[in-house]
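What follows are several structures.
Two complexes are shown next, each including subunit A; its partner changes from subunit B in the first to subunit C in the second.
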Partner chain A sequence: MATEGQTEILESFGQVNKTAGRLFQYLLQTATAFGIIVLAFLLLFVTNDAIQPLTADPGWHLTFFLTLVVPTLAVGTYVYRRNRDALVFGVMVVGLLVVSLMFSGGAALVLIDIVQPDTWAGISLAFLVPAGLVVGLQRYSRQLPFLVRFGTAVVLFYASLLGVPGPLGALVGVSQVLPNTVDIAPSLLSGVPEWLLVVGFLGVPIALGVGAYFRSVHGTEAGRSAAGVAVLATVAGGLLGPLVGVDPLPATTIAAVAVGPTGAYAVGGGISDPDVREGLLVAGALVGGALVGALAVETVGFVGPQAWVDYQFLTSAHSRNAIDAGLYPAIGGSILLMVTVAVLSFPVGVGAAVYLEEYAPENRFKRFVDVNISNLAGVPSVVYGLLGLGVFVTYLGQPTGTVAIGGATLGLLILPIVIISSREAIRSVPNEQRQASYGMGATKWQTVRNVVLPNAFPGILTGTILALGRAIGETAPLIMIGAPSVVFSLPTEFTAKASAMPLQVFAWASLFASEEFYTQAVPAGVVVLVAVLLAMNSVAIVLRNRYQRD
Partner chain B sequence: MSTDDITDDLTRNTENAPPELLTRSFFFVCAVLSIVTTLSIVLLLVTEASKFFTFTAPLLGVEGPTASVVDFLTGTTWQVGNQEFGVLALVSATVMITIGSGIIAIPLGVATAIYLSEYADEKHRAVLKPALEVLAGIPTVVYGFFALIYITPAVRTVLPGVGTFNLISASVVVGIMIIPMVASISEDAMSAVPDELRQAGYGMGATKLDVSTGIVVPAALSGIFSSFILALSRAIGETMAVTVAAGSQARFLNPLNPAAYQEGALPMTAAMVQLLLGDITGGGLAYRSLFAIGLTLFIITLVMNIISDYVAQRYREEY
Partner chain C sequence: MSEQNTEEEADPSNEEMVIQTDVSESVEESAPRGETGTVIRSEGINVYYNDDQALSDISLEIPENRVTAMIGPSGCGKSTFLRCINRMNDLVDAARVEGDLYLRGKNVYDDDVDPVALRRRVGMVFQKPNPFPKSIYDNVAYGLEIQDKEGDYDDIVEESLRRAALWGEVKDQLDESGLDLSGGQQQRLCIARAIAPDPEVILMDEPASALDPIATSKIENLISDLAKEYTVVIVTHNMQQAARISDKTAVFLTGGELAEFGDTKGIFEDPESKRVEEYITGKFG
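Now for the complex of A and B:
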């Protein structure tokens, strides 16, 4: 018996039953996928409800299958077999086009209905003129003491933005002598066509940004040509837009924000890296296939799906009839809110992060701020809404539901997130770089400005975009500060009452609850909201992946 | 430039030069702003909530109707119209959402964390982590709509007695929403477990299953628990999903009775939204009750955050 038992042990020694381990792994995989799959199904359902692909003619599906799906798959497989990086490049071009088209729609909305192009030019000039003067002064003489330079800068910006003597003069009863630049500019620029203003004050800055990006990646030559391509695309948009029946203003805006940068990225990437040039075939197949398909469907007369997300939905206001209801004022409100939130929370959040990482000594105060920020991040959003209601509305006497207090409340809400992610980005800047800067005799601020912030910038930007994504989906704080759930016109200033996309969706889903809204307006609103969010998230993720690799 | 000037330039103390001072003060003010925010939240909630309670209102010179703090904390009826403010009716619904979402998020989140930290290779992680982030990034009002339109009918095929507004579907979506939180914090804790412990386990002949469940999870337990608390505190504060999906009728339910989850109820956060959407007059009792609920909510989530920090610090295994 004893020997038999020993033999058994010997035989089983080193034998491991793999079943349990396998089962466990499958269980883990299922659990990991569960949430993602459930969400994917929910998104599929809601997209189906909003777009209703089955209401289209079979011929419509067949046409697009033949012109779009088959060629793209064929070209995609071919490119994938030959060079995987090329496929990634092609997909990036298409992704950039889609995301930037979305943003260009927002920009066009702003330029047409919120800020007129001449006002926009005035705002740009109000910042550019004093900035140019300050830089010129600095170039002219480096010997000027800092306080003189700083004082001049403050005075110049004050005069340009607020006029002379401005609100300070009003306080002591002196009437305005010189109006501010924003007021002067429209009369100076009155003869210039609107679309040229868009070219000058939106297309050129974007082109300069694109050029700067390409210069940092591929060198000066590439930077210049990319910026040139972007400007040309913008001008072409303004000139060619009217020929295909689009007004010059939206055409220029879309060209400036979407076509120019995407074209520059495609051309620049293709020229500087011939290996991935084939990827452009994929992009071409996708875009060309979609255009050819649309044209073919138009000529033959196949009826497309009865989508609830259509031009009418995106450009009209709320209505009692679900079929006429639209999201336009809410989109404008969301854009203005995001601008306010970004302007308020980005500098403060980054500033706090810089203080905590670079300046604060290890003492009780720093630990207290640390704990405080992590607790603030856990405070429910509805409590931030109460804060906005109590402080801004009740104690400061502001009117309820304006863009300004909505933006301030949401800004406070995402502040801890911005601080935490900026701190991580700043912490990941290697200490050697700081030491090198100090070794060259740089002061703390010079080190922060020239070494820490530029290196941490992609990380900070990623964190801020994700935080803005959180803010754009928040509803509860807006309800608490009394933002109206139904607005019929776009907010045109920061003191105007504004709704927001999630708030409008909530209003349709609860206040106007009916079968029609449930099956038409709400799914359409959800699809738009989720599309905007996914676009922001993917921008953040692409940014992060790109800079983590470096 | 004379030698004196150069010496002056090279030896001057720049720490308090104007640009340094200016930027340092700006950064300092930014950091202090977070403290100001916390202080204003606390002060605002405490003063406004004190105006609500009978025993503190006279101290602030507030006249008019007030509510007894005992009734508020022990009452089980919430009817603003009848001036009945029993917060337990709201708390019970919040507790049920928390339990329900925990049942979904805790096992799934921990399993996800084990998979990501121990099993998944780089390629899978690169896809799964952003996908999980999206799970947490979908607006909560969208989740509420999903619960109402898609999940409730699905639940109804199994349990026909489920109402249009119910706590089951609300809990399901809140659970899905907080999976990423459990997963990412637990995964951080598991990744922080030193590789030597795993190698030692394998050296003893342990399988991957043994190492994951017998070594990594116990070693990371404090982080895992703190992730539970943080995620549940997020579930408590979750507003829009429960406002849309859980119902608008405040009622006291027994959280331990599974059948009660089929009914609708009014969690604390949803009650606040409902109060604001209804016509409350500024400064009235209903307006002040808003801050009383807000204070309750704030205290609960703050205590949970502090406990989570404490657990993570106190029970952290030192290596």
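Now for the complex of A and C:
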């Protein structure tokens, strides 16, 4: 169209009609916003009931506004302007501290009331001793045939966990000659103070984990220092706890689970990456502001909010009076249930996923299983409760409502979810990695063990944690298997009856329905349940983000 | 040899590795070497993917301590043939191999042959660098560990990295992840990983096709060095590359047939068949 070698100048390119697309986009936005707003409103409402911030003195609010909110906002804005990553790092430190404090509370609860430290030490030793022997055997006698090594490992673990000759001997009428390690350990360790046992068997393993993490991120040297810092923090917790009025046992536990890892993360991250060091200012402003605020409020005598979620609520059992009611046995029950669920569903689920992805031949049977696992994931939880009741109680004759039965039923419930998410993680391991391994002359087992599982592990862990998050909120299956709604003491063994957090909340809302329980205990229970759930999910989210980036 | 090589590789200023593109010149340079014994002999290999025939009746002999190149257009089956040698095709459900392939006189498709044991004698380097997400050390030691090799792993890892001309670049970061290296370094790491357990044959499936020219020329120099001790079979779609580094060349053409096999010099200067000449001179492919 150009005329005489002169390029024509266009007035405009015209317009294309985009009304339908824009309308569609607005509809989608509305739908998304609706869901989020409704949920946020509900949570806000419940939190308001549970915490009751408006009952506090105005002076209390003013104090915290001045000591906590203003400095944090100021420091946060300053750091954000200079380096965004630093702010993220600072917030991560605080988040880690909060989440790990919650976990340390759970760990302390377990160590004080469920598994005594000497029993815990016994259990750890019962696994550590044979594991150490087996590793030594692997290293020094590679030429031993596999079956010999495997047999030795089985015998060692059996003897350590169950004693000689153990239950097999009991079957044929031979009495126990050597007791198992779990039984021996308490008498061997009787002179050692409890908090030192916690340092040895909780603090040191966690410190080793922290060290391994730092070694993988920042190298060997950083790993060693991080592990050292974590152990020192744990010991310091046990020594300094009594000075500030905390018993050595909970002080050590909190130091081991929360202070040590958070400290190592904060110090390690700040040292290895000077760019994000300023983020620690944000963390300092938040934590320091909260402490200063609390101190100031106490000195002046301002009254804080009459929160229903308080120390008393977290540490006492159910009561007829809503004001005295607490969630302690239900928290313990939920923890024990989750441990049972994890121990049962993780190996079975991951095993099934590995089989289906790596070993199963492509045939009709596999397709049938594929479809039905997806179906099982969608079966209502009350049906699983019925299954648990039918199989474990009626058929196997177990007592109703115990930790073992509840855990097994919830384990069945989340098994399909664990299998599906684990398969997803295994499938996302690049096929080139498998090819490389096979090309080196690796067997299928070596490839699965050395290449597939290590690469898929973060994904598997994420999926399992999210599945556990579903299990911790389930009420219906527990009701079906006859778990008691109200328990006044913590279950101390797997055959003890246990309640769970959602069940306790449900009981308050149904059996004890009264104005008081509705407005006090129920919201408090819901807030604790949601907080625990969010803490678990945050671990999963951090894991996922971290490994997606790499 | 390895010492010198390391120095060369470690020196970043040494960029004068000219990328030769002139076919005839490079053929001139590679002086003909004496005949050596046969390591691999294939007789009438046919490969089918479901009902589609990917290779038809391939028979050839691959000499020891020489570089044998497989060239041909896309989809001609050259990679498929490479994967017949270490039975990687066994891992593909749809693939079916017929015919005989002898490695040092033993038919690898005999019933009593364990493909895993076979692959321990035949190393493989893939098209896309695929180091494991482990440390550089663990990557190289992987084959030693899974094969339960005797010996001092530290020494073997160092020696393998030297042979792969990578030692000078990574000796201070053996603890770091193999994935942190550049593409060319990753591929040399994969070569080090393949030679660490000391295989008899090294198969390379277009090892330089994902790399830039400088990394490519490093890999090419490396292949020529490796041929002093190993039998190397390399698949490439780059004819100049085949002409530069190989002693023997097999030309596969569409339909999975072996059009010509012989000394590289002969193939490139005086191909017997019209179709091979057309392919080499770029008329198609």
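Just so it is clear, the second predicted complex is superposed on the first by the 523 of 550 C-alpha atoms of A that agree within 3 Å, B and C clash if a C-alpha of one lies under 4 Å from a C-alpha of the other, contacts with A are read in each partner's own complex, and residues count from 1 in each chain.
In this text, a residue touches a chain if its C-beta (ideal position, glycine included) is under 8 Å from a C-beta of that chain, and two chains touch if they have at least 3 such contacts.
In this text, all values refer to a predicted model and were calculated from it rather than measured experimentally.
A.B. asks: Counting residues of subunit A in contact, which comes out ahead: subunit B or subunit C?
C.D. replies: Tallying touched residues of subunit A, the top partner is B.
A.B. asks: If you stack the two complexes on chain A, which partner ends up touching A:T443: first (subunit B), second (subunit C), both, or neither?
C.D. replies: Both partners, subunit B and subunit C.
A.B. asks: Should A:F488 be classified as contacting the first partner (subunit B), the second (subunit C), both, or neither?
C.D. replies: Once the two structures are laid over each other on A, A:F488 reaches no partner at all.
A.B. asks: I'd like to know which partner A:I373 touches here: subunit B for first, subunit C for second, both or neither.
C.D. replies: In the superposed model, A:I373 contacts subunit B only, not subunit C.
A.B. asks: If we overlay the two complexes on their shared chain A, which of subunit B and subunit C does A:E362 touch? Say first, second, both or neither.
C.D. replies: A:E362: touches subunit C, not subunit B.
A.B. asks: Is A:N455 contacted by the first partner subunit B, the second partner subunit C, both or neither?
C.D. replies: second
A.B. asks: On the A-aligned overlay, A:P430 touches which partner chain: subunit B = first, subunit C = second, or both, or neither?
C.D. replies: After superposing on A, A:P430 lies in contact with subunit C but is clear of subunit B.
A.B. asks: Per the contact definition in the header, classify A:L533: touching subunit B only (first), subunit C only (second), both, or neither.
C.D. replies: first
A.B. asks: First (subunit B), second (subunit C), both or neither: which does A:F65 touch?
C.D. replies: Neither subunit B nor subunit C is touched by A:F65.
A.B. asks: Touching subunit B and also subunit C: which subunit A residues?
C.D. replies: Shared contact residues on subunit A (touching subunit B in one complex, subunit C in the other): 443.
A.B. asks: Of all residues in subunit A, which touch subunit B in the complex?
C.D. replies: Residue positions touching the partner: 16, 20-21, 24-25, 27-29, 31-32, 34-36, 38-39, 42, 45-46, 146-147, 150, 347-352, 354-356, 358-360, 368-369, 371-376, 378-384, 386-387, 389-391, 394, 412, 415-416, 419, 443-445, 448, 466, 469-470, 472-476, 479-480, 482, 502, 505-506, 509-511, 518, 522, 526, 529-530, 533-534, 537, 541, 545.
A.B. asks: Spell out the residues on subunit B that touch subunit A in their complex, using ranges where they run on.
C.D. replies: 14-15, 17-20, 22-24, 26-31, 33-35, 37-38, 40-41, 44-45, 48, 107-108, 111-112, 114-116, 119-120, 126, 128, 130-135, 137-142, 144-146, 148-151, 176, 179-180, 207-209, 212-213, 230, 233-234, 236-240, 243-244, 269, 272-273, 276-277, 282, 290-291, 294, 297-298, 301-302, 304-306, 309
A.B. asks: Of all residues in subunit C, which touch subunit A in the complex?
C.D. replies: Against subunit A, the touching part of subunit C is residues 86, 88, 91, 93, 116-121, 123-124, 126, 128, 130-133, 142-143, 145-148, 175-176, 190, 193-194, 197.
A.B. asks: What part of subunit A is in contact with subunit C in the complex they form?
C.D. replies: Going through subunit A, the ones touching subunit C are 142, 219-220, 362, 430, 432-433, 435-443, 446, 450-451, 454-455, 550.
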